[in-house]
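Inspection log for the structure reproduced underneath, given as structure tokens.
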Amino acid sequence: MTTKLLLLNGPNLNLLGTREPAIYGSTTLDDIINACQKHVQNYKVELRASHSNHEGELIDILHVARRWADGVIFNPGAYTHTSIALRDAISAIGLPVIEVHLSNIHAREEFRHKSVIAAVCLGQISGFGWQGYILAIDAMLRHLGVLSDLD
Amino acid sequence: MTTKLLLLNGPNLNLLGTREPAIYGSTTLDDIINACQKHVQNYKVELRASHSNHEGELIDILHVARRWADGVIFNPGAYTHTSIALRDAISAIGLPVIEVHLSNIHAREEFRHKSVIAAVCLGQISGFGWQGYILAIDAMLRHLGVLSDLD
Amino acid sequence: MTTKLLLLNGPNLNLLGTREPAIYGSTTLDDIINACQKHVQNYKVELRASHSNHEGELIDILHVARRWADGVIFNPGAYTHTSIALRDAISAIGLPVIEVHLSNIHAREEFRHKSVIAAVCLGQISGFGWQGYILAIDAMLRHLGVLSDLD
Amino acid sequence: MTTKLLLLNGPNLNLLGTREPAIYGSTTLDDIINACQKHVQNYKVELRASHSNHEGELIDILHVARRWADGVIFNPGAYTHTSIALRDAISAIGLPVIEVHLSNIHAREEFRHKSVIAAVCLGQISGFGWQGYILAIDAMLRHLGVLSDLD
Amino acid sequence: MTTKLLLLNGPNLNLLGTREPAIYGSTTLDDIINACQKHVQNYKVELRASHSNHEGELIDILHVARRWADGVIFNPGAYTHTSIALRDAISAIGLPVIEVHLSNIHAREEFRHKSVIAAVCLGQISGFGWQGYILAIDAMLRHLGVLSDLD
Amino acid sequence: MTTKLLLLNGPNLNLLGTREPAIYGSTTLDDIINACQKHVQNYKVELRASHSNHEGELIDILHVARRWADGVIFNPGAYTHTSIALRDAISAIGLPVIEVHLSNIHAREEFRHKSVIAAVCLGQISGFGWQGYILAIDAMLRHLGVLSDLD
Amino acid sequence: MTTKLLLLNGPNLNLLGTREPAIYGSTTLDDIINACQKHVQNYKVELRASHSNHEGELIDILHVARRWADGVIFNPGAYTHTSIALRDAISAIGLPVIEVHLSNIHAREEFRHKSVIAAVCLGQISGFGWQGYILAIDAMLRHLGVLSDLD
Amino acid sequence: MTTKLLLLNGPNLNLLGTREPAIYGSTTLDDIINACQKHVQNYKVELRASHSNHEGELIDILHVARRWADGVIFNPGAYTHTSIALRDAISAIGLPVIEVHLSNIHAREEFRHKSVIAAVCLGQISGFGWQGYILAIDAMLRHLGVLSDLD
Amino acid sequence: MTTKLLLLNGPNLNLLGTREPAIYGSTTLDDIINACQKHVQNYKVELRASHSNHEGELIDILHVARRWADGVIFNPGAYTHTSIALRDAISAIGLPVIEVHLSNIHAREEFRHKSVIAAVCLGQISGFGWQGYILAIDAMLRHLGVLSDLD
Amino acid sequence: MTTKLLLLNGPNLNLLGTREPAIYGSTTLDDIINACQKHVQNYKVELRASHSNHEGELIDILHVARRWADGVIFNPGAYTHTSIALRDAISAIGLPVIEVHLSNIHAREEFRHKSVIAAVCLGQISGFGWQGYILAIDAMLRHLGVLSDLD
Amino acid sequence: MTTKLLLLNGPNLNLLGTREPAIYGSTTLDDIINACQKHVQNYKVELRASHSNHEGELIDILHVARRWADGVIFNPGAYTHTSIALRDAISAIGLPVIEVHLSNIHAREEFRHKSVIAAVCLGQISGFGWQGYILAIDAMLRHLGVLSDLD
Amino acid sequence: MTTKLLLLNGPNLNLLGTREPAIYGSTTLDDIINACQKHVQNYKVELRASHSNHEGELIDILHVARRWADGVIFNPGAYTHTSIALRDAISAIGLPVIEVHLSNIHAREEFRHKSVIAAVCLGQISGFGWQGYILAIDAMLRHLGVLSDLD
């Protein structure tokens, strides 16, 4: 059976590769999605990527995902620190969600240390640049039993 | 003359009945709207229901309501705790707004105790499940003089 | 079977109708009790009203209520914000208690926003003047199944 | 016409003269009341003194005072720092109330610096031992126009 | 010479044994007093027990105790966390007072961690259920020299 | 060469002129835009105005602006105080942005004193009503060297 | 022997009578000084008045006062809330100092509730308008034994 | 009739042009005053500039200004963040005051974000270097009706 | 069967009897251990005492104790207020642990009021000097059923 | 060339598999180390594992690691939240360090949300149980270029 | 070449020797200056001492010092804790400044622990009485290379 | 008689000279100890240096020092900010202790501003690099009367 994953990105991540490369690197969002697609092609995994700058749209996408996805890799961007609505959406859909951040949010401004969604996620990966998405996919596949510790 | 009420619901309330029933019950949003419609049919009251997961759309709906509605029953979901923009929208439209919460927000996580919109609402009703909407409609009809204390 | 309700009022509410009418209205506590009595006369409901300015006396009254009442409508006045002893009394008696406030406490001074008893009550109704008591009775009767949503 | 004043003392002040004399002096509450009575005998002033360790009783006494007194000299003892109910009682009765403290509360423990009733009193006098009551009577008589600045 | 102890209990402790047994156990207040009386019968100790739900009454009882008692075992219930008036009463009477709590207050809600009276007590014993009273009596008898470390 | 400016307005500003005139004045958003257009007509300046109540849409508009605009005059309304996502959008586009507020936000409720976007803007102008936009345009033109200090 | 008092006024008090009369009344500083001079003329009291808007000058005046004055009546104006240097000056000179405020500082903005000098003053009198100075003089004369409680 | 403006500068601004040019630029205070004089010469405006490093002197200057000036452009330097005395002076003189800052204070250290005088000023302009003074003059002339929106 | 107890003491307690006797008394740690050994000799109790100034060593000792002890009497000294690692060790070993303090930590500096380990202990005894250890042993024996309330 | 990694574990992690399995799982520390060794055997990677309950020893081990290791996988246990000394050690050695937590620390008690070492680590991985170590090794190998995104 | 140092003292330090000797010792400011002059006479050092109780004057003195001095030894007295203006003056003049305090400010009232100027000083010496000035001179001479570590 | 001093260094200071030279300089700990030994050789002073990364070992060393040393020069490294156990050790040994920091801790991250041991030390010297140790030795010798102000 195919495992289905949603790769969801929040506000300003569409500018990746051009936006403040010192913090976020020069890889574009498309590059990342391609690398992720490539990474999963050895498994029976279907990966669908989505992006929105709109908090409400991200909620809508998560709501839809509960009807098709087995897990969500989510970089909520700045909504990480403010959106209780996204937190509630994650609780509501009942899917395992892994929170990913390109930069190490714990090493930046004080207001970026706190994630209001972390408490309802499976786990958090931050600080490894675009490779964090690869790690998150691995973590999800291990969580779902697709990738065993004998790989 | 017909009294016109807007019944407005915010993020994740579309999942009611399926989302975390231990907290929110098993009644769906449609069930609630139907019960409310049934409740008002003895009065000359027109009730229009609206829902959005988008903060901006909720603002738009409130803006439009000032041209047709006499009062608003509003469950802002998680935006209750974060949206100064919704607070300003309520102030701006000049209509009486009653804040409703299904769960008793004062008995949940600390961050749910504070409503940033309460100060510009007529009043707040929380903790009575879907029946809170019925109570809010009664409260609004009493406020508007449609329902007198001699009922 | 008759449903028995305690209508309990805390400090300074005996001055209602004379005290700061701009905030609390001109209805006296007796007026309110009469309106409540009238409101419940269509149901098999017995309503007993009590008042005290003494925190200890309010605790005593709640303790006694657990031997006869099915539910409590409680306006704790200023003790709302300070009395952990009343909170413990409510927990201890195991009855459903609804917290009522005449004014919208969330729209007043910062120190009135926090209710230390809310977390152990069924729900909270605030901002609807004396009609809040009527709404609270309805909420309690609905909670106890006396008033069904088909009324 | 006779000016009528209530001299009201709160918790533990009955022990004055015996309790921690280093902080509160060796004068008893009766000594103070006698000195106050003597002080007002040159004016058409009737002074009634009352004491209680019970917050509720102090509220009751204030409620009664609004039917006979022109002003209140009030040392609320430790309730100064915690009793919003007394604050509401002072607002409710609409009489001028002067807050007196024997010790300089602003020079003691942090938790004694804040008076929750000060904002609804005419003024505050603290740090002058039992003579603070005499000063408060003078302040009240000046406020009521009994004592003019030409005395 | 007989040592005289006051065993004083505050708000809601009269409901012990029925109130929230998961937290407070199933022993009633009378059971505890009996066990304490039995415990002291081998010593020349007179133990008088008192209870009140009223903060003011507890103050009154402490004031009276200074005329007859050698020490006080005190469970102030919820007033532990709010009553500066009781703190002042303890300071004022000059007797050794031991604070007892049935539950481990440091393991419960944040607001129960802070005791406003602890700083003026001899010591604090919390978390040992009703046996904490026995321990407190022993601690007091040791403090008063009735029970030597050679028992 | 023509200088191109974006005049961007956030939530509820579409109601200007009708919304709480005591705070925001009676000029409409269209009036303001017209005055701004008139103000810039002596310079080689093209001014495009945009408005949205949606945080995500404001982000989208800013993203697009980096492809055509030389600077942004931005009144983020209530998002000023909550939107880290807008802050990140401003950082990401690399254009000079001037924050404008009609009212003096520092003289209003505490929660309006803090701007989460100010740190990434060129500067802030607040308190001058609709004329603040004119001042902001002048500030931007001076910053871009279009308006020299010899005007 | 003549008792010598310094009547010291801080920043903006020179504008009294013209500045915000709703808060500070219409009496000028000269009127107050004259009333104080008249008030002390029945006693062997010499009263010298001083004013400065400069924190440093107020310190200098206090330093000089320790060589001639028996006590100080001090209204530090806004420096009340910020000047640790004035606090240190009061400690350093070793004279009894009474803090006076025209308005009830405890009933105004939060930042006016805290006096950083109160802890080193004899006492504080606030809320009685210009008559507070008369009360403060009486308090000082009582403290110095010039005015006995048999007046 | 000539409009008269005070251009007032606080502590350390006399070092402008030499002090930390990375933050404050290389323009001297005299350069700024000259540019401002030049800027107003097309209007019937008299501009007088003043500077002091002394908080008390700044208060004195503001007090004098109420007898001759129509408005004040004020850069209070570091006193912005600490001087309630200056705040009171601004309230007391009843003139419109515009607060100007060379740097964007909201983008610097946390303690520079808060202005204790902003709440009593007409508005605030920060972040535009010395050109902020020009903008402030325009804002004041617009406020006073000297410069109409048809300029 | 023999009951086995660990009596564990943390940093600086080896200096007992010499260190600040005003706070900690003049009894040495050896005196205390001897008194405890003597106290348990009437019961089938084996008591082993241990001390370390090293946080890590205290953790090691607790880890070992889970293999032999039935309960732990623990005075963690200053680590009480800072060591989450000790808290985790207590949780991890699953033994009943009683926290003892010689002085009344709630009556000392603010930073000593908070115990980070209390929440995972059975209970806390503080303020009874070295006799607190005897009380703690009794409490533990009662908890383990070795000492019944019929002693 | 062989890549050398230190796998370092802090306090209480030696009890893994036995300690609170609901939070930490039933895998022992040896199981984890074995799984890690197996995971790296396809690469030229040498992995050395170390554990200590002592903060100072962990510092010593890190100091030594700078002489032989290319990177550190570190689970500091409870020292995560308190040890600035470990933070300084990580800064001092100049090696890339990845912080790993078995449980999702952001979903547990408030005091576990804050890592004082995160700011000096490459990144943080939390919430994936023992598989988090595997993910951390992959992250480190990717960071060091041993594992390319083409694996 | 002669090294020139400014020895600058702030508010209330002119009273040294008479003011609260328990805290500040019995040495006068002149004694200290003489000891400092004597201390530097073996070096080519010119030391000029200055004192003011005025914050503004201290700023003026620092401004002048940048034209003649090589370093500043500064005891800002109470302005240490409040004067951002002095902090800015120190930054502005670009000279090395050493902060000296007679008493150990970290061992006194909480509000004396924080120095708002420390962050822009070379270093801080506190708690060594008047000898702290000698140490500060040595520290400055070492910093300026006048005194080498071979002395 | 020979004066005996302990020079004690805490965590990570063994890496001095290699660790972050931008903050801590390039001098090694051995270099510093040598310079200190050389500095004291003109006096009858014996200086013993010790270092540990272990909090418990530092406590042990301090305990031993009370049997041989006359004073302690202590750089506690990061334990400065967290170790109440070290604070208690310093109080317990009753020796004069001087706290030294290489960097100006008040100019670094907020969490380095607070020293939990400062209140029990003689004084604090920070910001002068390794020369701070020389200054601290001088300060100690002056305190002990070995070095008089006539040197």
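Each chain gets a letter, A, B, C, D, E, F, G, H, I, J, K and L, in the order it is written, and its residues are counted from 1.
By definition in this document, a residue touches a chain if its C-beta (ideal position, glycine included) is under 8 Å from a C-beta of that chain, and two chains touch if they have at least 3 such contacts.
Fair warning: this is a prediction, and the values are worked out from it, not measured in the lab.
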item: Third chains touching both chain H and chain C; value: none
item: Touching both chain C and chain K (chains); value: none
item: Interchain contact steps from chain C to chain F (minimum; 1 if touching); value: 2
item: Fitted rotation between chain E and its twin chain I in degrees, CA, nearest 5; value: 180
item: C-E, H-K or B-C - pair sharing over half of the E-I contact pairs; value: B-C
item: Distance between the centres, which are taken as Cα means, of chain K and chain A, whole angstrom; value: 55
item: Averaged-CA centre spacing for the pair chain K and chain B, given as whole angstrom; value: 64
item: Computed distance of Cα centres, chain K from chain J, in Å; value: 47
item: For chain H, residues contacting two or more additional chains; value: 54-57, 82
item: Every chain pair in contact, whichever chains are involved; value: A-B, A-F, A-J, B-C, B-F, C-D, C-E, D-E, D-G, E-I, F-H, G-H, G-K, H-K, I-J, I-L, J-L, K-L
item: Chain F to chain A touching residues, read off their complex; value: 54-57, 59-60, 63, 82-85, 87-89, 91-93, 116
item: Chain D partner contacts - residues on chain C that touch it in the complex; value: 10-12, 14-15, 18-20, 52-57, 77-79, 81-82, 111-112
item: Chain A-facing residues of chain J, complex; value: 35, 39, 104, 106-107, 113-115, 118-128, 131-132, 134-135, 138-139, 142-143, 149
